[in-house]
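Next, two complexes with chain A in common: one pairs it with chain B, the other with chain C.
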Partner chain A sequence: MAESITIEVQRYRPEEQSQPSWQTYEVPFQPEWMVLDALNYIKDNLDGTLSYRWSCRMGVCGSCGMMVNGEPVLTCAAYLKGFTPGPIRVEPLTGFPVIRDLIGDMSDFLEKLSRVSPWIMREEEPPLSKGEHLQTPEQLAEYKGYSMCINCMLCYAACPIYELEPGFIGPAAIALAQRYNLDSRDQGAAERMKTLSDAEGIWACTFVGECSTVCPKNVDPAGAIQRYKLAATVDHFKSMVLPWSER
Partner chain B sequence: MGRVKEPILWALFSGGGMVAALVLPALVFLLWIAAPLGWVTLPSYGELVELVRHPISRLSIFALASLSFYHWAHRFRYTLYDGLQLYHLNELIAVLTYGSATLLTLAAGFLLVAVV
Partner chain C sequence: MVRAVNPDYTPHHPKWYRRRIPIFWWIRKRAYVKFIARELTSPFVAYAAALLLMQVWALARGGAAYARFLAWLQLGPVLIWHGALLIILLFHTVTWLNLAPKAIVLHVRGRRIPDAAVVAGHYAAWLAVSTFLVWLLVRGW
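Up next, the complex of A and B:
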């Protein structure tokens, strides 16, 4: 007899229901399957109306993040056998408005991400004839960890503050700001500081640290935020002592 | 509470966390574990009082106490604010927590200058 496992999926189809509801499916239990494989089985064989995001199936695209038994995970990297004997509860990531079934609306994050200018900013771009910007392995190591982010939003779902403080920029966007601040080719740190040190930008963070625990890429956004608070504090005291100096 | 003050409050908070974490365990170990167990012999009470009276000691104890109070205030403020979700009481909470830390700091200063 083939083994099976129960999956409880949160459904929400706005044209049919005003509140989310739960739907239960029985799927074959395969030890090598991930939670995403079970969802794909449901979609292909049991219920074609189920909606969710995924693409790469190898922990690179960052689109398959969901709450599995209450924890934010990449479903393409979460073995079914890690949740035996079931049932396994699958929900959309917390903290984001649900568009449909397991799909959350990420617009708030994208807007905040664009506010920190996540690209290399230069005051002046030297002409191509000057050659490329050289970087030593040490300079690369400074920001490399923060560059591994795949925008999967697990850290936002894990952060209790993000949901509560609408102005908080959030873990991944601050880690990405640091990724560029610490890049030796970048000159935009002062500009980013204006956005981040303002209002709730970074200060809403109370160092819960869950973001770093759930991050599948070991980005350590909590560490990035603490470093940023230190930088902003130093900056603040500097501007108090030397008010005429440019921040 | 305007967020403009956040860097200062955060500096007091993190400074307090650091000195408390570094100094208090050492003091607890020396005074309440090592000395009672006889691993170290402490100076006599009179000598300890003498030591505390030195201006550098007074200053260090003052800094330790005051920063620890502000550390507590900041943590407790956010425990009430986020933990109990008392957003509408933001100002009141800030006044009460940082206010208590300020009063305790003044008390510590008074004790160290006038009493010890």
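Up next, the complex of A and C:
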């Protein structure tokens, strides 16, 4: 018989249970399989009731994030062989209310994301006849890293502050705010600062730094937040020294 | 087939499960332990600052008070405690300086200064200030 590996999955079926429980499955061990392939094997062959999210299977859509052996990972990018000999524990991302099995509710993030106005804001829009907004490669490099975010929520699952203080806007939303602040075409930094410079924004962050460690796209949200703190502090002192200047 | 055995469940309505955060959540991961350790060193940094202020205060109250303060500093237990304090402060300082490039992004002529250079700059500044203080102390008056 081919080799197999044990997968322990956290189950939560609200119509049947009020507390989650563990269910164990034996799946064939294939060295080229990802954890997601093992879950798909379970769903297709062993237990069709298992619920989880996935789509692209190539680390782009950001929907397959789960806790694997306690670490937030994209399951489509985590080799089974990285966890041999097993058992492998699969849980929903921490910090989010669980809807069912491995599916967390991301509504809170989506609401917070909209608060930071994640789009290019302009005070005045030049007429179309003026042509497009040009940007140099250096200007692009300023924000490009932050634009790689795929909203996978691994950073939220890694952030203890988000779970302890649910009001915290959180790493990805702040990194995405920076993505627009640092864009040479954007003029909304002051507006976003109003949302982010309070206790639930950048100052809730105590710099654990794990968000950047787990990010599969090297977005470095922790760096984004610390840069933001520095900018907010400089702004504050500027407004004290030059109170008449535009806040 | 729905086996509705959870009496709190309303069909077709989400019933979220929210876990209780364990008190010792930070034991789970090395990075969290390190973070908590760094946070816990903060009151000791405050203590060190207060100690310096007390020294200045003792000095302001005249030679006798200052001599008493120095004698207290030289007590065995106080020496041991302040030796431990030094280690705690070093841990705080080193972890803090290593994090500096996360917040400070500098550009020189359009090129971003690498993180290692930002860290090195901080250590160099630390060394310079410390050397100056040592020089002040040992040259005598």
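The definition used in the following text is that the second predicted complex is superposed on the first by the 247 of 247 C-alpha atoms of A that agree within 3 Å, B and C clash if a C-alpha of one lies under 4 Å from a C-alpha of the other, contacts with A are read in each partner's own complex, and residues count from 1 in each chain.
By definition in this document, a contact is a pair of C-beta atoms (placed from the backbone, for glycine too) under 8 Å apart; a residue touches a chain by one contact, two chains touch by 3 or more.
Note that this is a predicted model, so its numbers are computed, not measured.
Clashing of chain B with chain C is the outcome of superposition onto chain A.
Of the two partner chains placed by the overlay, chain B and chain C both lie in contact with A:L164. When the two complexes are superposed, the chain touching more residues of chain A, out of chain B and chain C, is C.
In the superposed pair of complexes, A:A232 makes contact with chain B only, with no contact to chain C. Contacts of A:G86 after superposition on the shared chain: neither chain B nor chain C is touched.
In the superposed pair of complexes, A:P28 makes contact with neither chain B nor chain C. Look at A:E200: by the touch rule set out above, it reaches chain B but stays clear of chain C.
Only one of the chain C stretches 75-83, 111-119 or 129-137 carries C-alpha atoms that clash with chain B in the superposed arrangement, namely 129-137. Touched by chain B in one complex and by chain C in the other are residues 160, 164, 206, 229-230 of chain A.
In the complex of the two chains, the chain A residues touching chain B come out as 160-161, 164, 197-200, 203, 206, 229-230, 232-233, 235-237.
Only residues 12, 14-20, 70, 94, 97-99, 105, 138, 141, 160, 163-164, 206-210, 213, 220, 222-223, 226-227, 229-230 of chain A touch chain C when the two sit together in their complex. Residue ranges on chain C touching chain A, taken from their complex, read 2-6, 8-9, 11, 14-19, 21, 25-26, 28-29, 31-32, 35, 39, 99, 102-105, 110, 112. Note for the complex: chain B touches chain A at residues 3, 6-8, 10-11, 14, 78, 82, 85.
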